[in-house]
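Got some structures for you, see below.
One chain, chain A, appears in both complexes that follow, with chain B as partner in the first and chain C in the second.
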Partner chain A sequence: MQPIASGRETSSIPPQPSGGAPVARPRRIRQLYTGWAPYAFLSPYLALTAVFFVYPFLNAISLAFYQTNGPRTRVFVGLQNFQFLLTDEVFHTALWNTTVFACASVFLQLPLSMGLALLLNRGNDRIKGFFRLILFSPNLVGQIFVGILFGVLFTPRYGLINRVFHALFQWGLEERWLDNPNLVMPAIVLTSLWIWVGFNMVYFLAALQTVDKNLEEAARIDGANAWQVFWHVTLPSMRHVVVFVVIMSVIGSYQLFELPLALFHENGGFGPDNSALTVIGYLNFVAFNSGDLGLGSAVGWVVACIIFTISLIQIRIARVAKE
Partner chain B sequence: MNSLQILLLVLLAIFLVLYVSSPQRPRRAFRFARWVLLGMASVAVLAPFVWLVAAIFKDKTVLNEYLFFPPLGHWSLETMNLDNFVELFRGKPSIQGTVHFWQYALNSTVFATVSTCTQLFFSSLAGYALAKYDFRGKGPLMIFMLGSMMIPQVLLLAPIYEMAVDLGMVDTLWGLILPHVVSAYGIFLFRQACMSIPNDMLDAGRIDGASELRIYFALVMPLVRPMAAAFCLVSFLGNWNAFFAPNIFLHSQDKLTLPIILNLYVNEYSADYGVFLAGTALAIIPPAILFFALQKEFISGLTSGSVKG
Partner chain C sequence: MIEKFPYGKAPFWLFVIAITSTLVLLAVRRERPPRPDLVMVCFSGAHKAAYEHALPRFEQSRGAKVQVQLANWLSLRTRLQNAMLAGTEVPDLVEMFAGSLGFFTRGPREDIGFLDLTERIRAERLEERMVESRFSLWTARGRIYGIPHDVHPMMLVYRRDLVEKLGIDIDQLKTWDDFVQVGQRVTKDLDGDGIIDRYMLNLPQNGNWALESLLLQRGGQLFDEHGRVAFNSDETVEVFRWYLRQTLGPQPIAHDCGWRQPLMKAVSDGLALFFWAPDWRTYEFQDGLPLLRGKLALMPLPAWHPGGRRTSVWGGTGLLISKATQRPDLAWDLAKFLYFDREQMGRLFADTNIIPPVKAAWNLPELNRPNPFYSNQPLGRLYADLAAETPPVYSAALDAVAHTKFDAAFSRAIEYYKDHGEQGLDQKIRSELSYAEAYLRRMEARAHNLLAKE
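Coming up: the complex of A and B.
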């Protein structure tokens, strides 16, 4: 991602005065307008952010220290919400499931996206556009639809996925993906691959097009094999995008909620033995089903801290890897 | 051995033959392998769509009998019909009176369109201001904005819900639209896009006497069209398919959006998958049309924000 730009960078160079016109004149035109225009343009954002971000944000800080029963009644409980989360095994399961999913996203989904992008990068533009269109298309379908649709595809004996596994590996025709706690996470990951491999591929493909072909050619002439060229030349050249996509994937993974909710709609998104429960699913349950918005806020803070820490670590790793 | 395995073996054999025939220059073999792998990925992605299209026209009783479409000889009104759509369009009785499918579609359309338009307008306006003006407090504002993008939305959902209850915005589309009228992510994207507009161009407009707002509409917006298209699509997809917030905010039957009501079809109304799938197929159409229309701009806009970095 772009580093935070300082204000100076954007200051414009005043237009060159033509002939002998005084330099001050065009400058004054700019300054006259900069007086109110940017504030006016930003005022809707500032007003709405104050009401719908800053205020709820401050509220979320305090809410985490309260126990509520519905939106009306609240009791101050100090750190008890966080203590409860430390000891609640259901929350630990949810955290573990979400972490497993995040790892699968980074170490399975992104390499697959990268592989497809590399395969596609050689083709001409029309072929590229064609395959990109196909591979991106699952993103048009909402997660809630995908989840329920794939729930049907995972039907034992009749489901499309069960039949394909049976045809390929002579395995899994009768497998109950959604009832077997060991197969729940693979089912979620498989579904998520269908949705997001193409999405991340679009980013990688765009980044691959900016890589200097001469640099790769030079490495090849020096005797590097295909893997070495990729690992030492191509990947470092597109590291900005890789860091961006990895961070977005981790953030997205920790916010996973709708997909398991829809896949396991028959038991409220929990799955057998809570094996499909994610942290946001847990938040949704305690805050909006049980009415304890305070505990929900505490869960939100835990998620925010995890996302923030992992993002910082990744940015740090990327910086070290650069040197 | 079944046909699928035989097909895979044949493809593998062709690859080996190509490779062995000219081991010095294996390019042909690799090119073949590339097409096969891309083809398989495409088939894997498209198969659920084909299954979906087949499923919505199949009768309930034969949904599982045939994997995709029934063989042509078996086509009849007992196997292929429009029962799912008939059931989908039949009104549902509720406390708010009989509600028809088009009501949910209308709710979704209003919610997604209004949200997308306001997000597009206010985010691009703010992004332009941040990219092309110097003013007091700009640095801190940028830091605040980027920082706010790091905060997960779910953290704010509980307090926003509490506030919505106080303001009487629960169970209204406005309660859903207002908190997201402008998005920090959108501002960031538009700021990136506006940075590349030459200042001379804006100043030329000023010298010609155009007002600041006029410059934004007539000069800036046409130049950031690809980003506007990309943002439109992303925003529309997000709003059209939104489930978490609408599920919490909306209660009345006649105010529900498509994801909520279709989810109810499998959860509360007798697990009717055929009807759900028919509704899903219809719900994919508007985003698909938008995607095909904006495809080219979408790819360039979506990636420019990150790739330039």
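Coming up: the complex of A and C.
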């Protein structure tokens, strides 16, 4: 294994003497120069990170123990914010909705993405490129746009989706996807599929192209069918990408916010009987609509802990599967 | 030179780009124009256009410069609140949407970023000169923070051509019972495919704004005048029950026609015959359905009981003055100029169909002119005749939460009604309202932590 070259070795400056011998003045200046220069280059990034990440991160820790009215007035309430969350039915509903959505993402969206990637992987490069663009493009327009668009598509009687269901199954012309609490989550999942299936497919397609064709060929010669080749050769070969996509999907799902907000903008993204409310939607509501930044911080910490735990479990499962 | 740079070519060019862009930015930097004497922000393009038309007269008479800015109402509300609490620059005057005041007055009184206008309003007897009930929207803890821009009385717009063809006598639709009776007769599947093609009324199935409007008409409220939760009442149970019957009952008369294009198509197709119409919505129909010119007309809402209230309200805007303004008296004069100037009010009505809350303006020729789109009815006059009857709408700090809980209670009532019909419905509604009320009381108790600082 080759050692990684340091910045000094890759630069055009010759190696410096390690000490003892008198050093010429220009060389010392250069040494000093090379000493602070990396920090000067890094300083804009470090300053921005300190202001917009480190400080808010640390502030959010203390804020979670306060009740606030916006940024001005605050009262120390100890663990009351966390206590409130433990007993708040609306937060539990939001957490449940988000978890259902995350499960749909992993068990519905990702298999679909994988299926499409496998299909496209067989086509020639021109077809592959065309469909990759077509399937990826919904991701370019943003969730708010998609939310508004699907809000129209889900319109009872006149909406395209209801018309298609009615034409195919003689059902659904008057179905109120966005008013019926039982249909709200399917509507959100359906909309999110349109956005994200193509996006994840691109990852899988890229990973499929790195799979060793000789291994697949050898498995086929040994009598493995298509499913066995996929399960025992292809999938393990792209394990790292699959783990990455699953973790990113779960994190993305727990951060779902804009899509329900756009679909249910009339009632602030809550949906009927809170059926569209997500944890980030709840956070937004308590922090910026109710003005309680303290409770919002507490929600943020709870969500961060959940995501961290789930990611750890996923990584552990992936490691066990490898072993 | 590039070769001598210690970290190679790429960092060198990054360094050059950073230096060059900084120099370019400095070179093209323009002096920020001086702040006008007053900055006003509104969320309606029509309002902005009308104000900009009128402002030169004010500027000339007062020797002051005024700038009007347009902003999305939701982001305006959040950003304004944060700017006020953080002490950064804010506009002098702001037009806010109904229901927003609680958002700004939920904390200690010192945190309220708007001027208390109570004394000024009382000194100039504005409550008498305007529709008094509209001040309730802009009152918190007994103090008035805004001047109402409108009244928004509610009427029904109907397809006059179809209604006449069906032999419906509008004058006989005096109560909701009369209305339902006729509705059950005309709501029909016209082509026999099992799907109803003509409904009597447009009602959103999830309740939403229509439910609250009906509750207000019935005499109920979400909050009382002290900002306390008040929706757990007999009136609410009655309104919920009525609403469920009309939208989901065995003989429904109402259909949810949606918003914007689907709504316009529903009006155009005659999917429903009667549509809710506060004054501002009449302009949407007028603007969106030019082919229906002369085929629509207006009638007052049927009353809940004979001789009862024939209108309700939906929406509202008000003008508030920022506490941080350097020129409170000039801002107050501008507010009065924009909201009380006769020419200005006439023009705003002509552009928006919105009647002003100033009683003296109701005799303006613009308001009394026949409107050919609405079968030559004098639109302004019809709404003005109902304006005094409009119910008050009280604001509260928990306004947003209360609406979500009220909607959730109705959603659960819908699910119950679908499964059980009317059996045990009243008890179910009552229990859901009690649950929502208990939740809001808990939130109120939490808010006391902050208010105790006062």
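Operating definition for what follows: the second predicted complex is superposed on the first by the 288 of 323 C-alpha atoms of A that agree within 3 Å, B and C clash if a C-alpha of one lies under 4 Å from a C-alpha of the other, contacts with A are read in each partner's own complex, and residues count from 1 in each chain.
Please note the rule applied: a residue touches a chain if its C-beta (ideal position, glycine included) is under 8 Å from a C-beta of that chain, and two chains touch if they have at least 3 such contacts.
On a predicted model such as this, the values are computed, not experimentally measured, just so you know.
After superposition on chain A, the partners chain B and chain C collide with one another.
In the superposition on chain A, A:Leu63 makes contact with chain B only, while chain C stays out of contact range.
Of the two partner chains, both chain B and chain C are touched by A:Phe41. In the superposition on chain A, A:Pro156 contacts chain C only, with no contact to chain B. By the touch criterion stated above, A:Asp222 is placed in contact with neither chain B nor chain C.
Counting the residues of chain A touched by each of chain B and chain C gives the higher count for B. In the superposition on chain A, no contact is made by A:Asp125 with either chain B or chain C. Looking at the shared chain after the overlay, A:Phe288 reaches both chain B and chain C. Shared interface residues of chain A (contacting chain B in one complex, chain C in the other): 7, 10-13, 30, 33-34, 37-38, 41, 71-72, 152, 155, 157-158, 288.
Of all residues in chain A, those touching chain C in their complex are 7, 10-13, 30, 33-34, 37-38, 41, 67-73, 75, 77, 84, 89-90, 152, 155-159, 173-174, 176, 179, 181, 266-268, 270, 272-275, 285, 288-291.
Of all the residues in chain A, the ones that touch chain B in their complex are 1-2, 4-7, 10-15, 26, 29-30, 33-34, 37-42, 44-45, 48-49, 52-53, 55-57, 59-60, 63, 71-72, 116, 119-120, 122, 129, 131-135, 137-145, 148-150, 152-153, 155, 157-158, 160, 163-164, 167-168, 194, 197-198, 202-203, 206-207, 210, 240-241, 244-245, 251, 254-255, 257-258, 261-262, 265, 280, 283-284, 287-288, 293, 296-297, 300-301, 303-304, 307-308, 311.
For chain B in complex with chain A, the touching residues are 2, 4-5, 8, 34, 37-38, 41-42, 44-49, 51-52, 55, 64, 67, 122-123, 125-126, 128-135, 138-139, 141-143, 146, 148, 150-163, 165-166, 178-182, 184, 187, 192, 195, 199-200, 202-204, 206-207, 212-213, 216, 237, 240-244, 248, 259, 262-263, 266-267, 273, 276-277, 280, 283-284, 287-288, 291, 295, 299, 302-303, 306-309.
Contacts from chain C toward chain A in the complex involve residues 3-8, 11, 14-15, 78, 81-82, 85-86, 103, 106-108, 111, 195, 204-206, 208, 256, 258-259, 261-262, 265, 271, 400-401, 403-404, 407-408, 411-412, 414-415, 439, 446, 449-450, 452-453.
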